[in-house]
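One chain, chain A, links the two complexes that follow: it is found with chain B in the first and with chain C in the second.
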Partner chain A sequence: MKKIYLDNAATTPVHPEVLAAMAPYFSDQFGNASSIHSFGQVARSAVDAARREIAQFLNCKSTEIIFTSGGSESDNLAINGVVESLKSKVESKPHVITSAFEHHAVLDTIIELEADGVIEATYIKPSSDGLIGAESVKKAIKKNTLLVSIMYVNNEIGTVQPIRAIGQMIEKENKTRDSRIFFHTDAVQATEYFEMNVDYLHVDLLSISAHKIYGPKGVGLLYVRSGTPIKHQIVGGGQEHKKRAGTENVPGIIGFAKAIELIDRSKNERLKKLRDRLIDGLLKIPNSRLNGSQEERSPANVNISFLNAEGESILLNLDMEGIAASTGSACTSGSLEPSHVLSAMGLPPEECHGSVRFTLGRQTAAEEIDKVILVMKNIVEKLRKMSPLK
Partner chain B sequence: MKKNKGKIAVAMSGGVDSSVVAKILKDEGHDLVGLFLKMWSDPKCSTKKENRCCDYEALEDARAVAKSLEIPFYVINAEQEFKKMVVDYFLDEYKNLRTPNPCIVCNKKIKFDLLLRKALEIDCDKLATGHYAKVTCNNKGCQLFKGEDDEKDQSYMLYSLNQDQLGKILFPIGGMKKRDVRALAIKWDLPVKEKPESQEICFFGDKDYRAFLKRYLPEKYFKSGDIVDTSGKNLGEHEGLINYTIGQRKGIDQKIFSGGDKNPLYVVGYDPKKNQLIVGHDEDVYKQEMIVGDLHWIDPKSNSSKLKAKSLTVKIRYQHPAVECQVKNISNKELRVKFKKLQRAITPGQSAVFYLGDEVVGGGVIKS
Partner chain C sequence: MENIYSEKIMDHFRNPRNLGEIADADGVGVVGNPRCGDVMKMYIKVESRKSKVGKAEEFIRDIRFQTLGCGAAIASSSIATEMAKDKTLDEALKISGKDISREMGKFPPAKFHCSILAEEGIKKAIADYRKNEVRRKK
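Right, the complex of A and B next:
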């Protein structure tokens, strides 16, 4: 059976060119980038070159990039790092604004800081089509607001947040305030498809992960604008300008830079057409609905609820047909708790249970989309016949 | 969509029994799917390692067995349902000074309902588990019997299943002895062959249900009060009624004021209104009869004639031999059960399960 992979938001296959670029740095050029000898120097210059290339992509300085182990670490570092570095310098308890449908790497970090009494937090509810307006962020700002963290593209429903508008709004606010507000965005799901120029976006911190863009797992970065205070979270070495200890993941960083180089936004249109084909096909199944705005949406994401058919059961049936999809983020799937993303958008729990996420990728073909539509129709029909909810 | 005739789902817990079940069915040539039920387990419990049947280790083991047998394997997450239907029931029963059987409720509402439904939804006809019990079905319906291994027999835990459920269940090792099952696991070199038995309640790891209750119930359930004898005489102070079950001796003597009764004392009852623990001597713990409610019959069409049989026996707790009894309807909701011989520690909340020889007739929950 030919398998169909429609879970590219969970992870993507490493591009052969990425793998080829990484290959020499495992056994041949294996040096530790911090060593002073020639072995180290080879590794160091490769890491430096990669950092420069990525800095160009983000339109930032090399020194503003901290390589990490991935998106979750970047998100943790951004939030904990800024809060820890500033909490002793502010008079009242710092206030952090985020959205209620962030990735758990952001959400749980903020919830923990709040529970520990370190910060106060505001969780902005997205609109019913899964969007956070700059206006609603502005309304949440208080005198003691220190940090705003709003994701670029939602990982479950693929909606695109107006990061630039929020960034500009915060910049304007900052001009009239005594203490600055810093702006972080988790751009993990946006990197492949949307503008990453940090000046254009007006962001101070931005998280990216390599394995979502056909790069290797275990490497990511946090962009930190010069002048943004950030306390290291991993200590024990001077790497990454003393902001993140640990031997550099040399092959990972090289692969990361290559993956970024291979991003081709001219392909967005192709994917968007496939996406809309899938959406149209699936919405022909009765009692189905698209979650999240279709206009302000990643070209890769389709998230649809099917009333009276459990998402988990749909996934198992799809897998038996060789089709890989997901009910939400891979980190929480298998959990029957209604999705926090869909709940935040005001969906009733029974509709959250029946939601399925398909995320398309570079390798996705039109025949695959048509096959999925056909298979889905049968699965949903079958499950509805068996449903105790009927 | 293709119809997979005869596909079987195997509930795989990562233990020896369900692993042997999977291997037996695989060798018989069935098309199999392994399902692992992820239950709720106590996040506040510090000794996670002890938690044998629900933790990550169990999941890894089940996955390893499925991989070695080359069968597809899925995790079914039942955390929320398990918490609501089994754990909350467990807590509620203790709140009301009854002693629950969480495994019975789990079988009825989780394993043979939620999991069975999942199995059917992925085109399986049957769900196989590693229970020690036997089911036979013919055109008149299904019957449930004790497992071959007297010591391991789990039919008691299954009495609340209905005909629909029994018709879709396979117990491939119900006719085997535990030692033979383990011998097979060793012979087949299954990854879990050396795994010890798990008999404790699966959702807390420290084997101490009192500590679990303490973590999840408010203080008011642990108020100390008087220990009194059957005539109401104050003998000492207890540590909260919830800590004592009928027939219990442990922890009583130390709480009795000095100069009191020198004979061993046992819990014989409670007076929740006065927050009193009633104790008595060994003979006070024995009863001639009990009332059973929440009745369920394996075959509702034939239960009344079976209940009239002279050879009717009843099990009043899991690890207890079935004893001879006679039953009388009080209403269609409750039965009065008279024992041939006095029975020790009739415990409200526990199930009473009726047998005719090895056949399970049905049962209910002990009310008093």
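Right, the complex of A and C next:
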């Protein structure tokens, strides 16, 4: 049975060209980029070149990029780094604004800082179609606000937040404030499809992960605009401009740069068509609903709730048909709470439990979409027949 | 996916035993709540037979279930119905969530409540039967 992979928001396969670019840096050019000898210098110049290429992609300076182990570390560093750097310099307790449906790498970091009494926090609820308006961020701003962190594309429902509008609004606010507000965005799910020019977006900090864009796992970056105060979280050597200690992940960084080079936004339209085909097909199943706006949406994301069919049971059935998808349903995550994303949007728990996320990718074909629609119809029918609720 | 669950759970998930309704059930038990994601409904048919020592005893002649829930919820319902079938009511009341989870084999600890749900479903169906019996005798 040919398998169908529709979980590209979880991770993507490493592109063969990425793998080829990385290959020499494991055993052949294995040097430590901090070493003074030729082995080290080969690694150093490769890392420098990769950094320059990525800086071009982000329209920033090389020195504004901190390589990390991935999206979670980048998010943690952005929030903890800015808060720790500034908390002693402000009079009142610092205030951080985020959304209630952030990735846990952002959300839990802020919740922990709040629980430890380090910060005050505001969690903005998204609209029922999964969007955060610049106005609602503006309303949450207080005198002691020092950081706003709003994700670019939501990982579960794929809605696209107006990062540029939020960035411009904050920039305008900053002109009349005594103390600056810094703006971070988790762009992990956006990198493949949307504008990443940090000046255009008006962001001060931005997180990216390589394995979501056909690069290797274990490498990511945090863009930090010059002048943004940030305290390192990993202490040791002086790597990454003393902002993140640890020997550089040379093959990872080389692969990361290659993955970014291979991004082709002209393919967005193709994916969008497939996405809408899948949405239309699945919405023909009775008692189903699309979660999140269809217009302001990643071309890769389909998230649909099926009433009276449970998410994990759907996934297990899909897996038996060789189809890989995902769910924010309680039961899969091990915790019994329904998805914090869908709950934040005001979806009743019984609808959260039957949500399934399909995330398309470069390899997704039209025949696969049609097969999934057919299989899903049968699965939902079968599960509803088993259910005591009709 | 398969490896979070034992092969037995997957077998019962793929081919649930005793699935469906009993139209003229003697007792029905509904447990769980759609808000927490699992709803289980157990139907039982009770008859009388002579025990080995010659005493009359009530036993579960037929049992069926309907479940809305995750893989563990469906499998635990199916496995629990197999365990309860042909048991006397007193024996069936002694089936615990622990017994059911032992039969199920490997599953994530967070799913233990599914086996409890199956235990409660059987207990509630028997309680319903007994309530109906009292009414019938009146």
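The working rule: the second predicted complex is superposed on the first by the 380 of 390 C-alpha atoms of A that agree within 3 Å, B and C clash if a C-alpha of one lies under 4 Å from a C-alpha of the other, contacts with A are read in each partner's own complex, and residues count from 1 in each chain.
We take it that a residue touches a chain if its C-beta (ideal position, glycine included) is under 8 Å from a C-beta of that chain, and two chains touch if they have at least 3 such contacts.
What you see is a predicted model; the values in this text were computed from it and never measured.
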Partner chain(s) touched by A:P349 [first = chain B, second = chain C, both, neither]: second
Touching partner for A:S128 - first (chain B), second (chain C), both, neither: neither
Partner chain(s) touched by A:N308 [first = chain B, second = chain C, both, neither]: second
Partner chain(s) touched by A:I379 [first = chain B, second = chain C, both, neither]: first
First, second, both or neither for A:Q41, with chain B first and chain C second: neither
Greater chain A contact set [chain C / chain B]: C
First, second, both or neither for A:L316, with chain B first and chain C second: both
Partner chain in contact with A:Q56 - chain B first, chain C second, else both or neither: neither
Chain A residues contacted in one complex by chain B, in the other by chain C: 310, 312-313, 316, 319-320, 334-336, 383, 386, 388
Residue ranges of chain A touching chain B (in the complex, touch as defined): 310, 312-313, 316-317, 319-321, 334-337, 375, 378-379, 382-383, 386, 388
Contacting residues of chain B [partner chain A, same complex]: 1, 38, 72, 74-81, 117-118, 120-123
Chain C partner contacts - residues on chain A that touch it in the complex: 308-313, 315-316, 319-320, 329-332, 334-336, 338, 348-350, 353, 383, 386-389
Chain A partner contacts - residues on chain C that touch it in the complex: 1-2, 10, 13-14, 16, 19, 30, 34-41, 66-74, 108, 110-111, 113
